[in-house]
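Chain naming follows the written order as A, B and C, and within any one chain the residues start at number 1.
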C-alpha cells in the first residue's frame, strides 16, 4: 500500500492548535478589555461625593449615587429575603420529599421552564398584575420580580447540594430519633453549607446586576428611597437612564455606577468561587 | 518491621483513575531479591532460545516511569521476541499496563507522566524525540480492556486509520477492510451490513473490530491491555484463538491478570511486581519451574 | 414526653407543607406568567391575527403593528452571535481539554466563565460607547467593501449601532456558556476512546473532528439551544446597541430592533393604549414561547448526553 505523507495532516493540526491558543487568548483579552474600559470610564466619577451625595438635578454638579446604592441594597435585600427561603424550601422538597413523585417531576419541569424565562418578561408580568392596579412604581414589586429570578437558581443549587449528601447521614440522624425537619435544617444544611452559600451568593450577584425587571416596577427615582412602596432609586436604572442623557456629567455618573455594579458583581462571583474551593 | 510506602494503583495506566494505597513493604533484603536478572548466557535454559533463533523486536533498557514524582517502574529491562506472544503478568498495581503503554508512547497524552530510559523497536529508540509518533502508533497497535469502537459504521472504523496513513482508491480500501475483518474472524458476522453502527455490535464483536482496526494498518506489534477481561467467556475463547492465529504474523504483547490465560496463549511471560520485572522467560518454564520465590508465590496463588 | 413527640410531629408536617407550598409556587408562577401574557395579548391577537407575525408596520399613532422587524432583528442578531461563538467556543474548549497544561487550563477556563458574570447592562454600556464606534471605524467599512455584492451588507451605518454589533456583543455574552458545555462534553468522552484514536496514529484535530465531536453531538446541540435561548431573551445589552428602529430593512449594519429591545423601549408608552399594550404583550408572549422551547430542547439534548445543566 502506498503511504501518505503526514505533512498535510500535521500542518492542519498545527494550524488548528494555534487557532485554539489565539482564541483562548482572545477570550481572556475581551474580558480584560471590558473590565479595563469600564474601569477607566467610570473611575473619573468615583470620588467621595459619589458615595456620599444623593442625586442632583440634571446639569447641577456634585451629584452622587448614594440614594441609588441604598435603593439597590434595599431591593436586593428584600428579594433575597423572599427568594432564598422559597428557593431553599422548594429545593428541600425536590430532594427530600419529591425525588420520585409525579408532583416532583412536574415541579422540576416547571423549574426548567422558569430558568429560561427572560428577565424582561418577568418584569412585564409584575408590571401587569401589580403596578397597573397600584398606579405607581414600587420597589417592593421590583424586589418580587428579582426574587422570581433568584428562586430557580437557589432551588436548583439546594436540590443538587442536598442530593450530594449521603443517605447514611439522613438515616443515622433519623435513627437517633431526630425529627425530619430538624434533620434537614441542622444536619443536611450544615453539611452542604458551602455549596448552599455559593448558590445564594451567585443568585444575589445575578440579581444585583439586573435592570430589565426594574424598568417597569421599581422604575427610577432621584430621591432617597424611604418608601419602597413607590418608585425607588437604584443603580442599574440609574445607568439605564443617565447613559442616554445629553449632559456629560450624567453620562459620567452612569459610568461610575456601571463600574460600581460590575465590581460588586464580579467580587461576589469570585468570592463564591473561593468558597467552593476552600469551603466547609 | 517494614517501611510504609505510598504506592498507587497504577494498573490502569490512566491518571484519571489512580488510587493511592498504603502498603507495608517487605524488609529491605527482599528488595535485593526483586532485582531484575535476565537468564545467564550459559545457563542450560538458553539452549532452547538459541535453537529457536529468535529476533528481538523490542528491547527495553533501564526503563523508569513516573507519575508526577511517584516512580512506578524501576529499571525495567526486557526483550520482546519477534512473532511471539509475550505475556505480562503480576498483581494489581504492579506496573503491567504502565510498562505496556510505553511501547506506543500513549502515556504522553498525560502531562504528568514521564518515561526515562531506552526502548528499542528494531534497533531504534522510540523514546527519542526524533521518532515519528504517528508512524510509531501505526506500527505498534493497541487494544484496550474495554472495546472502543469509534462512533462510526463498522466499515468506517476499520477504514479510518487506513485513510489517514495510506492513499488508497475505493476498491483497495474495501479489499483491505475485508482482509482485516477476515483476519480478525469478524467478517462473516458483519459482511452483510458493513454500514451499521459499530456500537450495535456485541462486546466480543467490538473487541474483534478493534483488532481488525489495528491489523488493517499492517502493524508489526500488537499491544493488548487485558483484552478479554471485559467480555464473556465464549468471546474470550474466540479472541484467544485469534491471538494464536495472529502470532505467526505479528509480535504480540499481552497484559493479563488471568494467569491461566497467560499460560494458554503466550510463549514468553514477564512477571512484574511493584514496578520491577522479577522474572522473564519461556512461559512453560516459568509456570512449572519459576526461578524466583516471589514468582512462585504469585503463580501458586499465595497473593495477588 | 408525648407532648414533645406530638409537637415534633406537628412541626414535621408543617415543615413538609411549607416545602410543598414553595415547590408549588414555582408551578404557579410559570402558569401565571403564561396566562397573564396570553390574556393580555388577546386584543392584539383578535385585531391582527397571524399576519402580525410578518407585518412590517409599526405605527402607534395609526395603531398598525407588526412583529416582522422585531422577529427579524431577533433572529439575525442571534444568528450572528451563534456563528461567531460556536467555532470560538469549540477551539477554546479544545484548548482547555486537549492542548493546555492543567495548571493553565484552570485559570483560563475560569476567566472565560467570568464573562458570564458581567451584568448585561454593562455589556450594553460597553457595546454602545466603545464597541460600536470601533466597529463603525475599523470593522464595518472593510466588511462592506469586501462583500460589496451582498445587499444585506449595505446601508448607511450610524455610529456602529445596529443588528450586527448587537450580534457581536451577544456572541461574547454566550461564549462562556457554550465553552463551558463544550468543555464538559469533551471531558466526558472516555479516556480510553481518546487513547484508541490517538493509538491509531491521529493528530489532535483529527481526534476532535472524528471522535470527540460526533461522540458529543447531543451535548453540543443542547449547548447551542441553551445559548440560543439566552441570546434571544437578552434585553439590556441589545437595547443599548441596536438603535431601536422599526423601519424594516434587511441590511444588518443598520439599526433595528429585537422583541426584547422593543419591550424595554416602548412598554412605558404602551400602558395607556390598550391595543398597543396588547401588541407588546403579544410580543412578550412570542418571546416567552420561543425561549421556553429553546430551554426545553436544550435540556432534552443535554440530558441525552448526560451533561449536568
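As a working rule, a residue touches a chain if its C-beta (ideal position, glycine included) is under 8 Å from a C-beta of that chain, and two chains touch if they have at least 3 such contacts.
The shown structure was predicted, so the numbers you read here are calculated from the model rather than taken from an experiment.
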| item | value |
| --- | --- |
| Chain occupying the middle, per Cα centroid | C |
| Contact-richer chain pair [A-B vs B-C] | B-C |
| Far-end chain from chain A, centres as C-alpha averages | B |
| Separation of chain A from chain C, taking each centre as the mean of its C-alpha atoms, in whole Å | 17 |
| Chain A and chain B: spacing of chain centres that average the CA atoms, whole Å | 53 |
| Inter-centroid spacing, chain C versus chain B (mean Cα positions, whole Å) | 49 |
| Contacts with 2+ other chains: residues of chain C | 203, 206 |
| Shared-contact residues (touching 2 or more other chains) in chain A | 9 |
| Shared-contact residues (touching 2 or more other chains) in chain B | 134-135, 164-165 |
| Touch list for chain B against partner chain C, complex | 14, 16, 104, 106, 109, 111, 133-138, 141-142, 144-146, 148, 150-152, 160-161, 164-165, 210, 213-214, 217 |
| Residues of chain A touching chain B in the complex | 1-4, 6, 9 |
| In the complex, chain B residues that touch chain A | 132, 134-135, 162, 164-168, 172, 176, 218 |
| Chain C - residues contacting chain A, complex | 8-9, 11-12, 14-16, 18-27, 29-30, 32-33, 36-37, 40, 88, 91-92, 94-96, 99-100, 108, 110-112, 114-115, 117-126, 128-130, 172, 175, 179, 203-206, 208, 229, 232-236, 240, 260, 263-264, 267-268, 271, 280-281, 284, 287-288, 291-292, 294-296, 299 |
| Chain C-touching residues of chain A, taken from the complex the two chains share | 9-10, 12-13, 16-17, 19-21, 23-24, 26-28, 30-31, 34, 37-38, 41, 85-87, 89-90, 92-94, 96-98, 103-104, 106-107, 110-122, 124-125, 127-129, 132, 148, 151-152, 155, 179-182, 184, 205, 208-212, 215-216, 236, 239-240, 243, 254-255, 258, 261-262, 265-266, 269-270, 273 |
